[in-house]
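So, here come the structures, one by one.
Below, subunit A partners subunit B and then partners subunit C, in two separate complexes.
Right after this comes the complex of A and B.
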């Protein structure tokens, strides 16, 4: 258990800086951030579940292409589901919908490299940790998307099904439109990482 | 758009890292290389890998998937081909004995996981370019990525010497710097480039 605790990344985005760049481009609204985060989490969890049998059956030199192909297959299936669920969100995510296969892969790769060792007794713990990190990635992506949209445009787009997702306009004018651009995304995420570090440090002090 | 317009746009206005968020920001890592040969090797690697990957995906998209109505499967087919393409490139580089291209093999995994190769290839396939335009655009995107990461590495080296608040050191300062660079690039929009370079 201590092995898992040591390798655990408390927040894959804000502490581990995983997939931070595609997240900036793909999380311009709550709906887009949530769907992107969900897709990445599903992809990483699927890879974590398939990895042990894959290691046992596929030759070492074919494992990288096989993992990549599985990741791409999962993201393609997810993209089909999103297009059927909400064509507007799928259009908003554009190339980032298929690209979440790579984000899922990097989240999975983080867990694989932080805990070396093949298909052994720790496999279930490793999978549990990966699942927890994936859920945290999803929550962070939704939070970043929601924050950018709310401060940037004064609205919140919910990931509801149908041709156009439900949008709540909280403020009549866009307070800081810059935040929905990549430039604003980089800046906001930089500030969030700094705030997260300060909070984590305070939390550690209180814990002691 | 003319070829010069596509190249200028791909390097600046549509920068792979700062506009599309492809690849990764050099938050930590080795210091920027002062060796010109190493820098040239990095540029060649990025340009070659991206140009080849984008051409392959463009051909698959235009000649196989689109006629069959399977355009949504492009990432899946490309994933099947990406690793063999990069392995082939790195083997060709070793066989040719050109030391300049050796980083291809070392960088292959990083380029895939960083979503740079896939992203640029997808952008080229979906931008409505011809094959040659896609080739020029993707090569220029690789150049733009190298330029952005090089500038950010220089900024990081300077920031390490500056008196920043402790919580802002490292990733937060780098992300804010990237944001300011992206803000500057927002001034060079595609319409401006089209008016300037045709």
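Right after this comes the complex of A and C.
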């Protein structure tokens, strides 16, 4: 992710391959992808905001347990919100909601805020970059979930409130059910990574 | 040395109490969410003219609350089962007689699936769904036994 220094924020999923295993396992639909991506982004931004003041006030030896406890609290509160918003989406995301506390992006947020030498001395710029990366993660998760559902099942499930989210059946039959399974998800992600890298390389050439 | 130790202890206590307070906040919010979920589930499970009360809680992966539904005809038990497959998660309402026999299944909702929304077909198709119904039945037996022990 050295491109950050050149003013370009790479996509944390497609360029950094960050947190891809839970992302593929959890985001089988647009609704699940959007909610999972939103949770990951909220946890990472919250940790990025909390970690610097925590570092200034709490002794070094207590920082790790304190940060993990706060991360767990944020992800638990987000899980409560999802359960209250839509029980079906919460049931679909299952164990991946509490696991948001140790998602790849959350741990990266901690590392980013704790290593000013590596990621630049300006704390507000570091936080702004982290926020942008979190938004990119959210958008990518929603896109991957939506694409898997649309190509895999021919439908799109919207993250609407209530016991059953609204589903739009665009195609009468599931065109490629394999994409909804984790194996199909990884295949699709591999293709998206290839497309993203090709676009980023050609974009960089044009920039120069 | 002793002063160092005392300072460390004060630091530890300060962080522990702050995290304890955070845990209390999370627990309080969880109670509020739980009571809202109970109200929502009762509304989904109970039909007009009947009254539902939370009868027991369980740590089963497929269901966590069992309700007792009282109507003029008598009482039955009901719960919301969460059935998970590789295709997605399904919420199915199940009603049982006081003896734990399955009386009916009702499709409540799902996320990301083109699988049939007929609850009987779902129970047949999803591995482990029949086991979940059996466990719910056993739980009802335990509730009834407990109830009988309390009244006698």
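Note that the second predicted complex is superposed on the first by the 183 of 208 C-alpha atoms of A that agree within 3 Å, B and C clash if a C-alpha of one lies under 4 Å from a C-alpha of the other, contacts with A are read in each partner's own complex, and residues count from 1 in each chain.
As a working rule, a contact is a pair of C-beta atoms (placed from the backbone, for glycine too) under 8 Å apart; a residue touches a chain by one contact, two chains touch by 3 or more.
The model shown is predicted, which means the values in this text are computed figures rather than measured ones.
Undergrad: Examine A:89 and indicate which partner it touches, taking first as subunit B and second as subunit C; both and neither are also allowed.
TA: The second partner, subunit C, only.
Undergrad: Pick one for A:185: touches subunit B only (first), subunit C only (second), both, or neither.
TA: first
Undergrad: A:80 in the overlay: touching subunit B, subunit C, both, or neither? Say first, second, both or neither.
TA: both
Undergrad: Between subunit B (first) and subunit C (second), which does A:154 come into contact with in this model arrangement: first, second, both, or neither?
TA: second
Undergrad: A:98 in the overlay: touching subunit B, subunit C, both, or neither? Say first, second, both or neither.
TA: After superposition on chain A, A:98 lies in contact with subunit B alone.
Undergrad: Between subunit B (first) and subunit C (second), which, if any, makes contact with A:32: first, second, both or neither?
TA: In the superposition, A:32 contacts subunit C only.
Undergrad: Tell me which partner A:174 touches in the superposition: subunit B (first), subunit C (second), both or neither.
TA: After superposing on A, A:174 lies in contact with subunit C but is clear of subunit B.
Undergrad: Quick check for you: in the superposed arrangement, does A:48 touch first (subunit B), second (subunit C), both or neither?
TA: neither
Undergrad: According to the stated criteria, A:23 is in contact with first (subunit B), second (subunit C), both, or neither; which is it?
TA: First partner only, subunit B.
Undergrad: In the superposed view, which residues of subunit A touch subunit B and also subunit C?
TA: 65, 69, 73, 76, 80, 83, 181
Undergrad: For subunit C, which residues are in contact with subunit A within the complex?
TA: 8, 11-12, 15, 18-19, 22-23, 25-26, 29-30, 33, 36-37, 40, 44, 82, 84, 86-91, 108-114
Undergrad: For the complex, give me every residue of subunit A touching subunit C.
TA: Within the complex, subunit A touches subunit C at residues 28-29, 31-32, 58-59, 62, 65-66, 69-70, 73, 76-77, 80, 83-84, 86-89, 91-92, 94, 149, 153-155, 157, 162-165, 169, 174, 177, 180-181.
Undergrad: Under the touch definition given earlier, write down the residues of subunit A that touch subunit B in their complex.
TA: So the residues of subunit A in touch with subunit B come to 17, 19-26, 64-65, 68-69, 71-73, 75-76, 79-80, 83, 95, 98-99, 101-103, 105-106, 109, 178, 181-187, 189-191, 193-195, 197-198, 201.
Undergrad: Write out the stretch or stretches of subunit B touching subunit A in their complex.
TA: 17-25, 27, 72-76, 78-80, 82-84, 109, 112-115, 118-119, 122-123, 126, 167-168, 171-176, 178-180, 182-183, 185-186
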